[in-house]
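Notes to accompany the following structure.
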Amino acid sequence: MAGSTYGNIFKITTWGESHGKAVGVVVDGCPAGVPLCEEDIQFFLDRRKPGQSAYTTQRNEDDKVEILSGIFEGKTTGTPISLVVHNKDHHSADYSQIAECYRPGHADYTFDEKYGFRDYRGGGRSSGRETIGRVAAGAIASKILESLNISIMTYSKSIGNVSINYNNFNKDEIQKNPMYMPDSNAAKLAGDMLKEKMAEMDSVGGIIECVVAGMPTGVGEPVFDKLDANLAKAIMSIGAVKGIEIGDGFAVATSTGSKDNDGFKVENGHISKTSNHAGGVLGGISDGSPIVLRAAIKPTPSIAMTQQTVNKSMENIDINIKGRHDPIIVPRAVVVVESMVAVTIVDLLFQSMTSRMDNIIKFFK
Amino acid sequence: MAGSTYGNIFKITTWGESHGKAVGVVVDGCPAGVPLCEEDIQFFLDRRKPGQSAYTTQRNEDDKVEILSGIFEGKTTGTPISLVVHNKDHHSADYSQIAECYRPGHADYTFDEKYGFRDYRGGGRSSGRETIGRVAAGAIASKILESLNISIMTYSKSIGNVSINYNNFNKDEIQKNPMYMPDSNAAKLAGDMLKEKMAEMDSVGGIIECVVAGMPTGVGEPVFDKLDANLAKAIMSIGAVKGIEIGDGFAVATSTGSKDNDGFKVENGHISKTSNHAGGVLGGISDGSPIVLRAAIKPTPSIAMTQQTVNKSMENIDINIKGRHDPIIVPRAVVVVESMVAVTIVDLLFQSMTSRMDNIIKFFK
Amino acid sequence: MAGSTYGNIFKITTWGESHGKAVGVVVDGCPAGVPLCEEDIQFFLDRRKPGQSAYTTQRNEDDKVEILSGIFEGKTTGTPISLVVHNKDHHSADYSQIAECYRPGHADYTFDEKYGFRDYRGGGRSSGRETIGRVAAGAIASKILESLNISIMTYSKSIGNVSINYNNFNKDEIQKNPMYMPDSNAAKLAGDMLKEKMAEMDSVGGIIECVVAGMPTGVGEPVFDKLDANLAKAIMSIGAVKGIEIGDGFAVATSTGSKDNDGFKVENGHISKTSNHAGGVLGGISDGSPIVLRAAIKPTPSIAMTQQTVNKSMENIDINIKGRHDPIIVPRAVVVVESMVAVTIVDLLFQSMTSRMDNIIKFFK
Amino acid sequence: MAGSTYGNIFKITTWGESHGKAVGVVVDGCPAGVPLCEEDIQFFLDRRKPGQSAYTTQRNEDDKVEILSGIFEGKTTGTPISLVVHNKDHHSADYSQIAECYRPGHADYTFDEKYGFRDYRGGGRSSGRETIGRVAAGAIASKILESLNISIMTYSKSIGNVSINYNNFNKDEIQKNPMYMPDSNAAKLAGDMLKEKMAEMDSVGGIIECVVAGMPTGVGEPVFDKLDANLAKAIMSIGAVKGIEIGDGFAVATSTGSKDNDGFKVENGHISKTSNHAGGVLGGISDGSPIVLRAAIKPTPSIAMTQQTVNKSMENIDINIKGRHDPIIVPRAVVVVESMVAVTIVDLLFQSMTSRMDNIIKFFK
């Protein structure tokens, strides 16, 4: 594929540059009859909206989504849903600086190498605004999952060296602090730490954790389209992600079989596991336990501190990136991770409907 | 997809159960004119062969590959290459034990839930033997990369709590010890530790590291088919992998922008980076530095120690898995990781040929 | 796939309903550096525009295309090109009649059966306006083909019982008459015939012919992605097409091998064929001769004449379709056929770049 | 795709050259629990077997299929089904003649142009033997359709200038004559005509017709994956097919809307059509009437008559193709067309399961 389409049955195609006319997504393969309105999507988009706190950019975006197709009388029709968000905030001038050089940690250099030139305005296609299409699609996928009683909870597990304390875990807290942390105390500490980093003209990374509850068993295809494999691709495809793990993840490297294996037990005629080190996936197929995964998010590459780079005249130069930039990507990326998880699960959930002939015969009766 | 096909232009389709008649792969989209013989593939398969050491199973497999199509007069023809390895070692009787219950850490339960029943002989499709097709395809992809001067080095970075010491790093050592470690001392320590684990009827995990040298810039598609995203899927699709990271990976979570960003420099008219925290990928596109990635491998789930599980009569039972099993998966998985990396890079390398119109015009002139 | 995406490397995704807010297409996989502006696309769209003659609807559409992404400083950037055409002409009221019943020859019934309900305004997704996205994408594909000196000529071969006379064939005439016929005399006769059909409140079908010149040899993949197979899908996917043939097409059924085989000859060191019964394709691969294909287009299903149908209350009723409708689809479909041919050829042309290892090595040198 | 894989959910991958070691197919996405044995597949393969009559080659093939994976205790397991047929009849010597020149009507020239060289033995990948994999997959698809009460009838409609008379139509006759015609009288006339053609060292073409009964409504995706579009690709991808039509096909070109439109009627509370000019497809979606399609098959390109061609030394030469060849392809292609239709319908039938949210909710309850 050319790279902007994801999914096999529930298929999303995103488009748009940071400072072009608009960004958007086409969602194809959404079943007919899903109640959907612009507010449902706007609710998700607002979760990635900047300017909500002292720690995220004040750039004045309102990112209002418009539905152009696929909805009739308040329900999806089964045809492609085209969503567009117009780019309001054009200060191309602000970006004249980066037109001539390569920002460290950004894709400026690789885009020039791949395509011969690039839309240098604000990162173009590799800007964070590319995720607007993902989140809009994620809102639709989440509506589908809701109607199947599958729910996703996503939050910041750590920001820089500040991690949440699971003893203080409070789901309701997540939406209440600008860190999207389920631990108000950790959120406060993270906020203080970020202030320092901003003063140092630096930025930090962090870890996002996602838990999917209510998963039916049997979702995920053996071998290449394993549930965890597709989740890994979906999440690693988000710009700032440098690592992804499922269940105990990298900790399994120093664990033992006796600790890592989850036993099975029967309770009131129902099979479950005695633990969930596997993160809800066995052999790439959902086992009925919650899906648990984590993504490592790199620090914001745009920092005010002087950095070494080169310009198009092939000269070694110093660069000080102008303009105000978030010292942290994590909080705004929480809803992006959740969206990619939702899209991936819907796609494999639909695929799993054809795994048994007896169910297919029942379906067509 | 139904899950057994991977790749868009260079496409592989694996098939086969552990104790069926055979396992194999069809490689479609291999260019014509690649010199290829069975020995090229056998060399790769032998790297995943068991029975090479005290730490891997003595099960007598010889896994001889046979080429059934796609080769003529010693070269690929451009048509599908069908490779088959016949299963020699059928002791279905050995597996009668697991027919009736679910082994912890295995996919027995999820296969039954997804398909209604399963081929319980030795794990069927979710057995480690499924990787034979991947490795055979990887051998072909590696021949293609070789001819483009792209080379892949893969090794065990850690086994249980024993990690390599990069000061002792010796590439030539990798193939010389049963741990596939580039550090003979670490390999010896790991061997001793494994003996203990076997005595304890337990198993351990570890980490595999892979470095790709000679990558051209511009490989990888923005957004969903990023080089790192596709690598993440390819590697997470390997049975025992629970985590995947690129470059500094999870370490970025506690790093800062000033440390994590790689500067650019010009030397003799050629642009390179001052460091490689990114692992050779910027915005999902290769930047000319080596691709560096790591995979977390879980401990062998089959252990002799008593474990809690359930049987098909829905009774809680204890299970002691019979037969001799490796206490470690890592060494045999090294070539599997390398194979999936090779296949993924070839596929995206081919895709990248159409990124610039000027190059396309030149090609057809 | 969910049905609105076509192509593997050069990939188009169309969206939009006849009377929704807009229709459009996302073109992904277009190489960077193709000069492109809205006029290039508008030129193609205007070829399918109604209201150009006495024989096509006077409905006032102007169908102005807007480029939302993928272009920078007059050239494609290699990222998705999003094109939108806003629907100007909303008379939903006009369509109240068809909301409650199934129009013969239309997809009203099958959409209700598949999706449970439908956007009944003007045919929704199954309206002829769906082809706007195809044509916009075709304009881009044609720009690519142009730069490779591949040209496509498409015209009406017959309208009802009026066929062109190849002795009068004049390429320049095609764009000069409302029938898009390369024979002015046939065009005039067809016009007179259509006037009669309109008086009879009836409609007619016809045949579109397409000739692709300048094709390189070697385009098309053996077996399932043959050049002719993909062209067949592309063209049969156009609403009103009921048949597709290549070269001599259905005439081969009564031909003989000695007549149907094209001989080969050498002239000035260059191999060509002595005839082109095959239509430029041998074994699914282009042979260097012109690609020749024909599509059978059904009569406009919307006719004023009374027809038998049923309503949603499951009553047998008579229907007289109101509003003015073209008595012929063929002329407006000419550019749609040409567009689908262009998109298909570009996609397979790109695919063919990886068929030989020696060319790949040269490319990356 | 690289061309040897077809289908999205029910996915088949064929491989193998005419005179390589074997030919085969991997069928992925087949649901678990379909009763399947080698006899089921052999029954289909025997329908394409040569040497059954005076009019087909006496070449001694037995084409015994072997199942290598995907079946356990007589039922499909949901994992890939690998089928292989070993090539028994190697007389490469017979083909030395064609190694050095290009046979008219064959793909020798285009394969050389595309790949730089070719496996010249018996046509290699472009041989009729490539269809063995298709037919084996078709046998599996047909088992699935059977269990859903969907049945396919395929037969020779015409051979050369001899067409069946629908007044003599007798379904049971199809398997009884070497022409696979449902009209014994036409079959006899066709046989006599073929004897003449053989005497003239020539060959003829014909038309295959296929009727699918018991189709549920709602199968087929709007726009690009229309049921008729995918059928067109599937059938045009068969080597000798030069045209494909649905319902009235090319006859619609001279028909009128009033004749071509199928009315709707209600009978005992059930909606049906008053005719079936559309061939069971409206807007690309099955309408509940039988699917009716026809394929035009070209004359056997290998004829004994002297033909003009060129050799690899770029000389104009005459060729007389040695060895005995069928004067007609049609009868052996009947089961190939049926197989491609079966595979296509299964794939779209599965896709259609996700078109309505209410059905999906029911499915997962």
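Each chain carries a letter (A, B, C and D) given by its place in the written order, and its residues are counted from 1.
Quick note on the criterion: a residue touches a chain if its C-beta (ideal position, glycine included) is under 8 Å from a C-beta of that chain, and two chains touch if they have at least 3 such contacts.
All figures in this text were calculated on a predicted structure; none of them were measured in a lab.
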Among the chains, which has its CA centre at the largest distance from subunit D's?
A
Distance from subunit D to subunit A - Cα centre to Cα centre, in angstrom
45
Could you please state the distance in Å, as a whole number, between where the Cα atoms of subunit B are centred and where those of subunit D are centred?
38
Distance between chain centroids, defined by C-alpha means - subunit A, subunit B (Å)
26
Using mean C-alpha positions as chain centres, tell me how far subunit A is from subunit C in Å, no decimals.
38
Which positions in subunit A touch two or more other chains at once?
1-5, 8-10, 14, 29, 32-33, 78-79, 114-116, 125, 222, 351, 355-356, 358
Graph of touching chains, which shape: line, ring, star, complete, other?
complete
Residue numbers on subunit B that touch subunit A, as the complex places them:
1-6, 8, 14, 102, 104-107, 109-111, 113-116, 125-126, 130, 158, 160-161, 197, 202-207, 217-218, 220-226, 228-237, 239, 242-258, 260-266, 269, 271, 274, 278-279, 282-288, 296-303, 305, 307-310, 314-316, 351-352, 355-356, 358
Per the touch rule above, subunit C residues touching subunit B in the complex are 8-10, 29, 31-34, 76, 78-79, 144, 147-148, 216, 222, 349-351, 353-361, 363-364
Provide the residue numbers of subunit A that touch subunit C in the complex, in ascending order.
1-5, 8-11, 13-17, 20-24, 26, 28-29, 32-33, 66-70, 72, 75, 77-82, 84, 114-119, 124-125
